[in-house]
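So, here's a batch of structures to check.
The following pair of complexes shares a single chain, chain A, combined with chain B in the former and chain C in the latter.
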Partner chain A sequence: MEGKYPVSSRQVLALIAMFILGTSLLFSLGQELGRHSWLGIITGFIAFLFLFWLYYFLLKLEPGKSLFGLNEQAFGRGLGTVINLWYLIYFFVLLSVVVGNFVDFINSVILIQTPEILLTIFLTLTAAYAVKKGLESIARLSEIMVFCVFTTAIVVTLLLFDKIDTTNFWPLWPQNWALVLRSGFSILTFPFGETVIFLSIFYQLGGPQKVSKGFFWGSVVGVFVLLVIALRNIAVLGEFVKFSTYPAYDSVRLINIARFITRAEVVISLNYMFAGYVKATTVYYSLCLGLKEIFRLKTYQHLVLPIAALVILNAHLSFSTNVQNVFFAFEVYPFFAIIFQLILILATLIMLLIKKQLGRRRPTI
Partner chain B sequence: MKKFNLLLMATLLLATSCYDRREINHLEIVAGIGFDLSNDNQIEVSFQILNAGALGKNASGGLEPYWILQSKGKTTFDAIRKATYTSPNKLFFSHNQVIIISEDLAKQGIRGIMDLWLRDEEPREDTKMTICEGKAIDILKTKLPHGLIPAYEIVNMIEASIVAAYAPIITPIDHRRLTAANIPCTVFGKIVKTSETELEYKGGALVKDDKLVDYLTETETRGYLWLKCKIKDGLIIAKTKDSNIVITLEIIRAKSGFKPVLTKNGQLTFRARADITGRLGEFEDSKSIVDPTAWPGFIEALQETVKEEMRAAIAKATYNNLDFLGLNDSVRKYLPKTFKQLASSWEEIMPLIPFTFEINIQIIGVGMVKKSF
Partner chain C sequence: MTYISIISIFLGIFLIDYPGLKKDKDLNEKIVYGILFSVGLAYALLINSGLVKNSLPYLVLQAVSFFRGIKIPPAFH
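Coming up: the complex of A and B.
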């Protein structure tokens, strides 16, 4: 099943955009900034551009090798495997959190009486099915879905035109820049930095030039939609965005055009499903791929179901309320994730460069 | 294997997710809710519930189109759930149109109601809310001469109030938005039962934090609406000073509001402004009007009326330290530096901040009559 997939640059774009929108559509990014959350998003994205450059450099340095292969090359078989296992733990936690977030959302606004475990099982199993079918199917799916998500975000914003109050944005500049930077940091790690998982997938999709083009524009589309949503939420809900659990959902509930076009929140929750599904599937896929590569297996297909069982358990047990979840996302997760998104990548890069230098010198000695 | 999979999928289609579905005949659809304070200090809720059997084309005659249910409990949610003691089915709130809170309860505090309305996923955040004089259940029991369901008529009445612009329209999400912006007072609309078959929606009720503290007169409410740019329609009635002619101006378009500014010598002032475009609606003088603006004191009289209304609201807001206009918030928005300096002594300074007014009235027509008799 592996090897070169016929995935186009546009599909890479869609995949990245959907991945970034994934769970971040659900929560309001930079919520703690209230009316300045858009500044947090922009700060996070600017910081991400540095990360992007780093990832691009790594891709170009050793084309045709995955993140796991690079780690082994940089640190040797022993230490490399340890680091790779750390990465797998990170992917696993990320996957459980994504699944957990979605189940929490469905359980608190749509299917209240349904037992949580049931939703977790179905969400994970559908993701498992897609993973079994391979990356190509996920990429094709996201190509269609990114269009849906993008259009809905814009249309819904237009439908809210009469609820928009631009004075909510004042004052434009925050008093507390430290909080903006702090919030920008957590936005860097969630969702932008999470694209680090694509480093373990990209080598299958083609040359670094083609892939990183999709990567870059995908993240631009992602940040654009996030900004539109953040600005709309602030304009509609004002300072209440700070206190709402799902601000986007809350603002869309207010759509009321002549008592005729109302209750559009269903569309939005459908969007959440799409984006969250793509995100869960992508993380899931790279988790399986990583396991396969580390343990030198031939295929990963037989790993899919056992992992599903673990994910279901972990997602079910990790958070009891969605507020706890948000707390984790802001207070704990960034410091945990930055190790994998920046520090280890940087270490790998430096080691590879040193080894390259040494390797180049050796013949001359 | 493939066949088995297909079979599995087909079975899944049969087992779609309606296991906790709620059919319409097992729902009691609530059209309006009233909250009262019971004699033993509990929350008493009255529901106006649609009577599905009496609505629709082949309705059986003789049935009332709605019925009223009452229950009480320690908290709002408790009271609502206890409705099932007497109701045949569980109540359904997504189609609730209006929330009426009685004076007594509002004086005790409405935090529970406001919280429940946003925390629970079933009720809508954009339901209209009002505070009533007397008991809320009496309002719901009013037999209005028009319409089938009083709650729907009340909502229509609230929405129609835009035309006269004498009362604000508030929903739970509006209230939450204001409180989130640290505006201490919210102006709710006020509904009064004037007779057995008549309700009146005008004026405002001031809720500070979560308690009703005062009522606004008509003029004060109007001033509030001007300063908050909520008047889009309505009339301005004025009397010219010298000639004592009563003029009625019909508002076609209006844009109004206020903004804090720092004058050159560093004095904080509020600049209230209104740009009104209107049409002569009524004119009680027999002379023909060619150009209304040329009449002595014509525009001035109208401006004076608007100013008076604004002044009334400002006086109320600053004198009792009930900042329902959001003066504090506007300083925070537009002059963040000044806000920081004044934050500690704001309450003493607020009544002293001067207001300047700029009312522009443009008259674009005199109607279909050239000359009155």
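Coming up: the complex of A and C.
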């Protein structure tokens, strides 16, 4: 189940798109910008193009190596392992937060009476099952689900057509551009920059050309759906998007076609869960692969369940209130994540280039 | 009762993994498994006894807030 996977370029696209949509479907990206959140998304995506170029360059430089292998090659065995362990901590925190967010969502809008710990256990165990089955099954699931998420986003927007008020967009340009840039930075790190975890998977999927094509178009599909959802939320809810915990959910609740088509939020919730599931599973898989590589193991299969136990405990304890969650997402996470998404990647790239140059200059006897 | 449930869950995990681990000749794998398993079990027991209240994401929150010089709002406690 581990090794090279027959995953197509389209499946890579679906995997990336679902990963980007993951938790971002739940929260309104750039919420602090209110009616200008779409500008934040565009700013974040433009900044991500630089990150994409960086990741692509790294993939092209050493095609057969994972992120962990690259770190060891760039910094040597000792420092490389330390950096890899930091990456594992990042993956673990990300996984716990993703699981925690989804459990919070399910517990506050769908299964209100169900104990949170039970939801955490079931979500994590289903993710563990997918991880045991391997990347191929996750990619296949994403291929089906990305189509559902994409279609639902468009159909729901069309169903909300009578609730759309275009004056909600005015004034079109914000007065505080610094806030747009700050929000763009947040959006760069969540969700676009989180695609750094794919650097630990891509080497299994084929050459950089094939993978980067899926990577790029997957990001484009992701940002397109995010923009459609953001614009729809603004058009329907106006400035209220700033104050809603789950704006997409709140806007979809307003669908009422001749008192016949109502309660469409159930469909949306299912979409959220599928996207979140794919994201959690992908991060979980990378975490297992990382442990396997760092400790030079033959397989990661035995590590899946003990990691699940740790994730359940951390996700359950992570944040007690939604305020805390929002504080983490906007004030803490970007500054923590940028170290792994940009700074360390840049350092690895520079070290590899220096090593390559020195290797070329060394005279051969 | 909660302690018994925690121990039974971890026992369940071990019983699921045991056949695979027994077949495996790699000592490294057993060591990593052992470490992860005991950390998980100890963490669960410590949380239940009230000695540990923090998660890794919360520690990250505290560390980054400290380095950025921002206060964690009192509503968090």
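Note that the second predicted complex is superposed on the first by the 363 of 365 C-alpha atoms of A that agree within 3 Å, B and C clash if a C-alpha of one lies under 4 Å from a C-alpha of the other, contacts with A are read in each partner's own complex, and residues count from 1 in each chain.
The rule is simple: a residue touches a chain if its C-beta (ideal position, glycine included) is under 8 Å from a C-beta of that chain, and two chains touch if they have at least 3 such contacts.
From a predicted model like this one, the values you see are computed outputs, not experimental measurements.
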item: Which superposed partner A:T299 touches (first chain B, second chain C, both, neither); value: second
item: Most chain A residues touched (candidates chain B, chain C); value: C
item: Touched partner set for A:N314, first chain B, second chain C, both or neither; value: second
item: Partner chain in contact with A:V97 - chain B first, chain C second, else both or neither; value: second
item: Which superposed partner A:T166 touches (first chain B, second chain C, both, neither); value: neither
item: Chain B versus chain C as contact partner of A:F328, first or second or both or neither; value: second
item: Intersection of chain A interface sets (partners chain B, chain C); value: none
item: Chain A - residues contacting chain C, complex; value: 89, 92-93, 96-97, 100, 291, 295-299, 301-303, 305-310, 313-321, 323-324, 327-328, 331-332, 335-336
item: Chain A-facing residues of chain C, complex; value: 9-10, 13, 16-17, 20-21, 24, 26, 28-29, 32-33, 36-37, 39-41, 43-44, 47, 53-58, 60-61, 64-65, 67-68, 70, 72-73, 75-76
item: In the complex with chain B, residue positions of chain A that touch it; value: 108-109, 111-114, 167, 170-171, 173, 175, 237-240, 242-243, 250, 253-254, 256
item: Contacting residues of chain B [partner chain A, same complex]; value: 17, 20, 121, 124-126, 173, 176-177, 180-182, 332-334, 336, 340
